[in-house]
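In structure tokens below, several structures.
Here chain A shows up in two complexes: once beside chain B, once beside chain C.
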Partner chain A sequence: MAKNNSKIPLSVVGKSLPIKDAREKVTGSLKYAIDHKVPDMAYGKILRSPHAHARIKGIDCTRAEALPGVFGVVTYKDAPDLIWEAHWHNYRGHILDDRARFVGDEVAAVAAVDEDIAKQAVKLIEVDYEILPDVFDPEDALKPDAPQVIAEGNAREPFIVSWGDVDEGIKASDIVAEGSMNFESQHYAPIGRNACIAEWSGDRVTMWSSSQTPSECRDGIAMGLGVPLSKVRVISMPSGCSQGMWWSNNFQLVTVLLAKKVRRPVKIELDQRECFATVKRRHLERSRGRIGCSKDGSLVSIEVDHIFDNGGYGFKDDPGYLCADMWGKSLNGRFAVQGVSTNLVTAGCMRGVGDVTLGAFLERLLDMAAIKLEMDPLEFRLKNHIRAGDPLQQLYNTELAEDYQIPPECKDKWPQLFHLSCEALHECLTKGAELFGWKEKWKGWGKPLAVEGQKRRAVGVGTGTHCCGTEEDGGTSAIVRVHSDGSVSLSCSMGRHGQGSETTQAQIVAEALGISPDQIDVEAGDTEVCPWSHGSVASNTAYRAGFTTKSASMDARYQILEIAARHYIKGEPEQLDIKDGIIFHKEHPEQNMPLAEFMSTHQPDTLAPPVIIGRPTERMPPTITLARQFAAHFAEVEVDTETGQIKLLNYLATQDSGTMLNPKVLENQVSGGAIIGSGFALVEGMVFDEKTGEVLNPNFLDYKVLRAPDFPTQFETLFCESYDPVGPYGAKGAGESPIAASIPAIAQAVYNAIGTWLDVPMTPERVLRGLGKI
Partner chain B sequence: MNNTTFKYLRPISPVKACELKDKYGESSRFWAGGTDLLLQWKEDVVCLDYCIDLSFIPDLDYIRKDSDAVSIGALTRVASIETSSELNHSLSIIREAAGELATPQIRNTATIGGNICRAAPSADMAPPLLVLDAEMKFVSASGERWVAMDAFFLDLNQTALEENELLAEIKVPIPPVETASCFLKIGRTVIDIAIVNMAARMTMDDRGILTDVRIAFGAVAPTPLRIKAAEEILLGTDVSTIDDTLVGKVSNKVGDEIKPITDVRGTAEYRREISRVLTKRAIENIIQTLQGRLNS
Partner chain C sequence: MIKLKLKVNGNIHELEIEPHAILADVLKKELGLIGVRVSCGEGECGACTILMDGKPVLACMMLAMQAEGKELLTIEGLGTYENLHPIQEAFVEEHGFQCGFCTPGIILSTKKLLETKPDSTPSEIAMSLSGHICRCGAYPKIIKSVQKAAKKLEDNHGKK
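Let's turn to the complex of A and B:
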């Protein structure tokens, strides 16, 4: 596997097949969780805390329970004394307890015959709160006398990675630059709202909701309710663009608890305000650090201190950055990251977590060094970025290095761990520069490309990276079933949030089995059918789910060939192949049999049931130790120095995601990432009330995202393919590096236009402050 | 606490509508396009026990031009205004403002009357109507009266309309030929509520002396408003003599007169600064047009 980097001719992989549910989406017939109903369903509504931090001294539900049409109320008294934890510590806490930790935190929930009555009943619940001191600023929350938001204390264990000696490195550097950067909290701004429907049957519960992580959602319910995994079935339904928002969220567990208490199915549907202000968001982050280089532009030392807030229920200790590996050529490095709890709404992973923020700060440090060296940012990046075979410094210097050793039986198969498997970033940068016209447009640091009245145009380039799935919390699996008519079902727990995985995974199955993709259907959300998987997180699906899907398909294929060779076509299984749905002998193609005929003919015995079931048989190397996706973006901006407005004029997004499984799906990921990354760069940020921490812009009117007219019509994507030895047919992850490259490119362009660095988002107001005009 | 349901009433004439309003008073609301009202009701901002839907009243949706004015029915959709060929020359700023109001979907539903009567400080239709000296026709069960646009906005979300009155028509006088106007808006993105919006209109005589100057701003005070102290500086000046110093003086006067606040869209400081900038740009734009006409 690792040795074979050569490309084999592919028939289905690499084609821009339309996404499987495109027709349903454009005709509006696709059913989301919010559309789902079950018979005899009650409607739930959640009572939310008006206080940032409070203890519930007393709670009286008598009036609410007495309201006609109300089935029942749950409070913390009904919740098990169990702590549940979501994927990557995005939530840690009870379903309900006697504390409110942010304005909007869940306090109780009512089930009633309709939503209106549930809403009225919620207002009849009387809560006696003891107001507790609160804290909103992450740095304040670290002070010794700060109010403690959670029982474990506000400060998480600092996450520190270091190699070499940064102080010595700085001493040995010819030039040194220092900087800092603050990031507001970006929101997922979900286009679709979510709902949860829970129905108990005896001691078994079925839950419908939109989730990217069906398996983990099931585990969370089992953990929070204290029931065996076998008693929980999650059916994840499609969602709109989720970006890490809809994983497992506490409102789902509240629904399950409420349905159990009122002994009937319950649906809780979040309204727009609840989606924005009560679920989660990207962390508030602050970076500072210094960088040292030698005269020739080689990195000698990078040092970063980074702090991020977890809000009320996040529990992360590192934001998940891979950007440190990107600049691991630096002889010395130290990255200290500190997570801290606050009385703001919970913060967690959002698309490109860590690499969007800390990654953008690293790029800023690089730029600051390049300014001192008077070096072209493109050249500087080409000189210093990680190349195939280079060590993954950041990761190598954690305890992971000891966990992930190559088992003896895999020595010949696996690539070298803790070294980058492949990379086409240099190609993205050079080919991108050519397409963008970098040479003509780059005029030097702090120099605009053109000045027209009060408007200045300038260009910038930036890079982004992220993982291709990780192993934390468990593995990833898939099942391939070949039916008696030769059609195939793939079951792989991925969720459906517009990422197109059901299409790309079907292409992998079709390629491996030699059949037409229209013969394949994919179940991506039912935990009763799908084996455990991480789901569609951490850019996992193309790479890790793809590996396992391919492995399961190859297993099914081998079973078919084995039986065919035994009974129908003379030869060894290795001498047979399947193409276009026909099983044939490679040397004697006239000996053949259609797969459909084979599946309906062959008599089952104990080894071969009428349905052939393929499962992954290969061991997957720990992918975090070898694979990375890369993006390089080029932006041309126009800054109005009187109004502070920044306009994107021209944008090029280049991408290395290994082999393109489906170019259109990939383009969708890359352009989506670029737009949402640019949105964060320019306008997106949650506004919190200074006194209460309440979210003041919990809707699309007040929280702005970029829309079509905000993004330049001159927008292009360019793909440079590397070939990953582990990923299916050489493919890698795609979703998260594109969002990480926007801020660096735009921030650099803005610097070149106005000569100053800004915090994120780079609002017109920050531009004018940067220019000293206000 | 708001009810979760409301009574729905459908009058078929303005007088009937006013009678219903008389009857139910503050617990009732007129429903025009409903794009804002529905959200306000859901968010418990307004009380809506009785929804008086005006959509079925005939003949409140029109744009009519006669020799001296263009009359716009209060229920005219913003989208109709955006595309109206009647609103040309210096009235085209009404069209421009309509084109920058929210999204195409909302413009297809929202009405000009609703945008004005909601009396939001940021109402995009307000500054053009203020600088064009529009007049508003109010009707009630007992008759009708006319109120100048300049006297329409009283305070935040408050207008000169009595509880039982309904805005029926907006009449915009057609200014003399030697008039130029400008509408400018700054939002966080292309589709946004204004951080600041403004309009200006100037008329000159045949010698190039400014005989009429109007400058109006939105989102910088509790109501959209004219900045009369700034207008006065320009009134009576010769368009060929207006220089940067004078423009700066007018812009600074605008900065002094407005009372912006800080909200999620922008700070008071930013609003003040860009109000000066927009004043400057609008004057430059208008003067350039007028000077061009003078020279031709």
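Let's turn to the complex of A and C:
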């Protein structure tokens, strides 16, 4: 596939414009949901379960309700007997029911004149619990006699991707390697808390909360309360660093229920402990598998079994492991993944879900094979990774691929589905290796680059991938409205968690419409004006939202040119263009009209100024069947064999996100991924009480994250651009592949330093155990 | 309730507060200074950093009473939306943040750092910001922003 086949020179796309809310951020005036207030607002507090698994036999709220200042209490008795399920299956359950499924689970909520009274009232609720047997370990939870956490049973159906015959493949292989890997649960460790404000007006409800997924929140409220979507308005506010945490969460529905009962606006703000211990986290995951290769290093067979826990309310069966596609050149493959419920806090999608963990394990298997072959890990990856045009194994072998019919009118427009559309991973690996000095630094498997006393230095390389959005549960949409002065409003429900999507979308509109990005305002959170969208999840935004934003802009553009050609500029619409806010004839540029004048002039036929509202008119191909983002990271580490500490000395992150919409926005996405990924590799893991499953490190003192001095200041990024035929101006997703490439690069470097493979996070304790020192 | 006189961003405020009121809460809730961001509330994340007599302090770890008679500067007093301080300009231009929650605290710490050591190296900048968590992982661009801010301040100084 041709690279960079963009024919049109771009004027706005590709520029590092400052992000739209940058001034609000540096002046501290940006309002997050915790800063939002509405008049006559009550304050709510949630009563949480002290037990891992219990049935509520009785609940007495009379003392709480009698406390002066209390407006009301809700318990499961007030909740509709309705299940709500988040689109990405990170929650499935009632808003409240008569069961508690983890320590910290919601049991009741109080609304009062202030938060202090609400807190006091919560303590006055008397609950009679029947303690039930509990289960915390995902493998224990799969046993037939395990306590069942949810009515549907603990075990989800295994999700299996399979091609060829792995057993035959293993027999036919020249070398075979086997391994396993365990991952602790990473937490979002959100900076900034979240709050929810709900207000009912008659039978309509408005909810304000920080969220990446306004539409999902709205759907959840409609489902959980049994009201039509038309009665629900969600105003999603900016959030602090979210990484998948603040989508639609049950505390928001508890707030909506409470506000309904007390018939006044209610705000519930979560404290730090609640943010860490009661909402959501990355799954606890365990992988094992084997790999077979021929002597020349070609992949013959890969088999992986992977389980992950869903905690109390997660309901996922498929975390989305695009890494299976990445190494799909293997002649045979079988990936079996299974979700399982436990009495731990709910687990769900976190940035790079599936590919961070299972992807890291696959890379470990590749390394184990490369060791047996005595092959350079870089060469091994270059030989085996997916290339443009190769089948995407995860879907290629399914009935979906067999049944799928490309609409005839799209046959020439769409790339070959179920095959990779484009890729610059190869270039990332080769150019990255050159920049990093891989040839000079790579000394062979298990061989450090340098040994100084107790310290050993070594290098590693790893890759990561993820999707560029999926079609699950709906089609992303956008609306472009042109105003009488030629300025433009884009409405697209992406949420605002800080990665700069309003800015990159505005760049797309500006490019398509030929106007300045300053003239564009973006509404990303209000479901009253934004059509349905997945939100900023699964790397949807740049790619899928970008596609619809561009399509809606082109629709608006065509409407303008059609009217202009009819009344003001002689010619066909196709002969006209817009640049710098001026409509003109391409061959006779002296025939022109400023857009502002056009929009405010009464048309001769309607006797009114034109109404221009663009909507996506172009059909989007199923993007999961063609587009992937790629990362390749190079790390140099120093392992102290006495203290067990691992220090990152050098780090290079290379990235293929297609055309760069805004380079500085992308650089932040990539460094963010690398740093959070490195944090998981080295220090980040939740600690659960063995007896109760309670989270023991729900704060920044006990849950460690990397800070500025913990990451190399000489960090570098390198972008290799492929050109995606569907993404806006060739762009692809960016945020999730970088977090997937960290663990493989660091784990391999650590292996080369000390000769042993470690589970994640690779804490000093694990290093010393690996070295047999403790 | 006790009476308290606070000087914040050059303005004097007379307040009646509970003796145990936390400084960050008083600034945010009584005075509406939402740029004092509170995340951990226990002195670990650095988001609520303000300058007290020019030195960075954690507003979540202090009683409001402790600020009596001191000069407080929050992010609201540094530059305005229309007229940014050079440090704020540098952060805007260099994309020294994503979500922006940690930004006010980091900018105020930067002010002190650049007053003390304007020629700080990237490692020194990183170390001086070790009390701040940027969970988005924008550290590389934060360091670039601080370097650019140093340059801007030096240029401004030269003009005078």
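Here is the rule we use: the second predicted complex is superposed on the first by the 751 of 774 C-alpha atoms of A that agree within 3 Å, B and C clash if a C-alpha of one lies under 4 Å from a C-alpha of the other, contacts with A are read in each partner's own complex, and residues count from 1 in each chain.
What we mean here is this: a residue touches a chain if its C-beta (ideal position, glycine included) is under 8 Å from a C-beta of that chain, and two chains touch if they have at least 3 such contacts.
For clarity, every value in this text was computed on a predicted model and none was experimentally measured.
Student: Is A:V687 touching anything from chain B or chain C once the two structures are fitted on A? First, second, both or neither.
Tutor: A:V687: touches chain B, not chain C.
Student: Counting residues of chain A touched by each partner, does chain B or chain C come out ahead?
Tutor: Tallying touched residues of chain A, the top partner is C.
Student: Check whether A:P709 is in contact with chain B, with chain C, with both or with neither, and answer first, second, both or neither.
Tutor: Both partners, chain B and chain C.
Student: Between chain B and chain C, whom does A:K119 touch in the aligned arrangement: first, second, both, or neither?
Tutor: Only chain B; A:K119 stays clear of chain C.
Student: On the A-aligned overlay, A:E642 touches which partner chain: chain B = first, chain C = second, or both, or neither?
Tutor: So A:E642 only meets chain B here.
Student: Contacts for A:P133 in the overlay, against chain B (first) and chain C (second): which applies, first, second, both or neither?
Tutor: Touch status of A:P133: no partner.
Student: Tell me the contact category for A:P764 with respect to chain B and chain C: first, second, both or neither.
Tutor: first
Student: In the overlaid three-chain picture, which partner chain does A:L701 touch, first (chain B) or second (chain C), both, or neither?
Tutor: The answer is both, since A:L701 touches chain B and chain C.
Student: Quick check for you: in the superposed arrangement, does A:G444 touch first (chain B), second (chain C), both or neither?
Tutor: Touch partners of A:G444: none, neither chain B nor chain C.
Student: Shared contact residues on chain A for chain B and chain C?
Tutor: Overlap of chain B and chain C footprints on chain A: residues 271, 701, 705-707, 709.
Student: Which chain A residues qualify as touching chain B in the complex?
Tutor: Result: residues 115-117, 119-120, 123, 271, 273, 642-645, 683, 687, 696-697, 701-702, 704-707, 709-710, 763-765, 768, 773-774 of chain A touch chain B.
Student: Within the complex, which stretch of chain B touches chain A?
Tutor: 1, 4-5, 39, 42-43, 186, 188-193, 264-267, 269-270, 273-274, 277-278
Student: Would you pull the chain C residues touching chain A in the complex into a rising list?
Tutor: These residues of chain C touch chain A: 33-42, 44-45, 47, 74-76, 78-81, 84, 88, 91-95, 97-104, 107, 122-123, 125-127, 129-130, 132-143.
Student: Going by the contact rule at the top, pick out the chain A residues touching chain C in the complex.
Tutor: Residue list for chain A touching chain C: 16, 18-19, 21-32, 35, 188-193, 238-243, 271-272, 497-500, 664-665, 667-668, 671-676, 699-701, 705-709, 711, 713-715.
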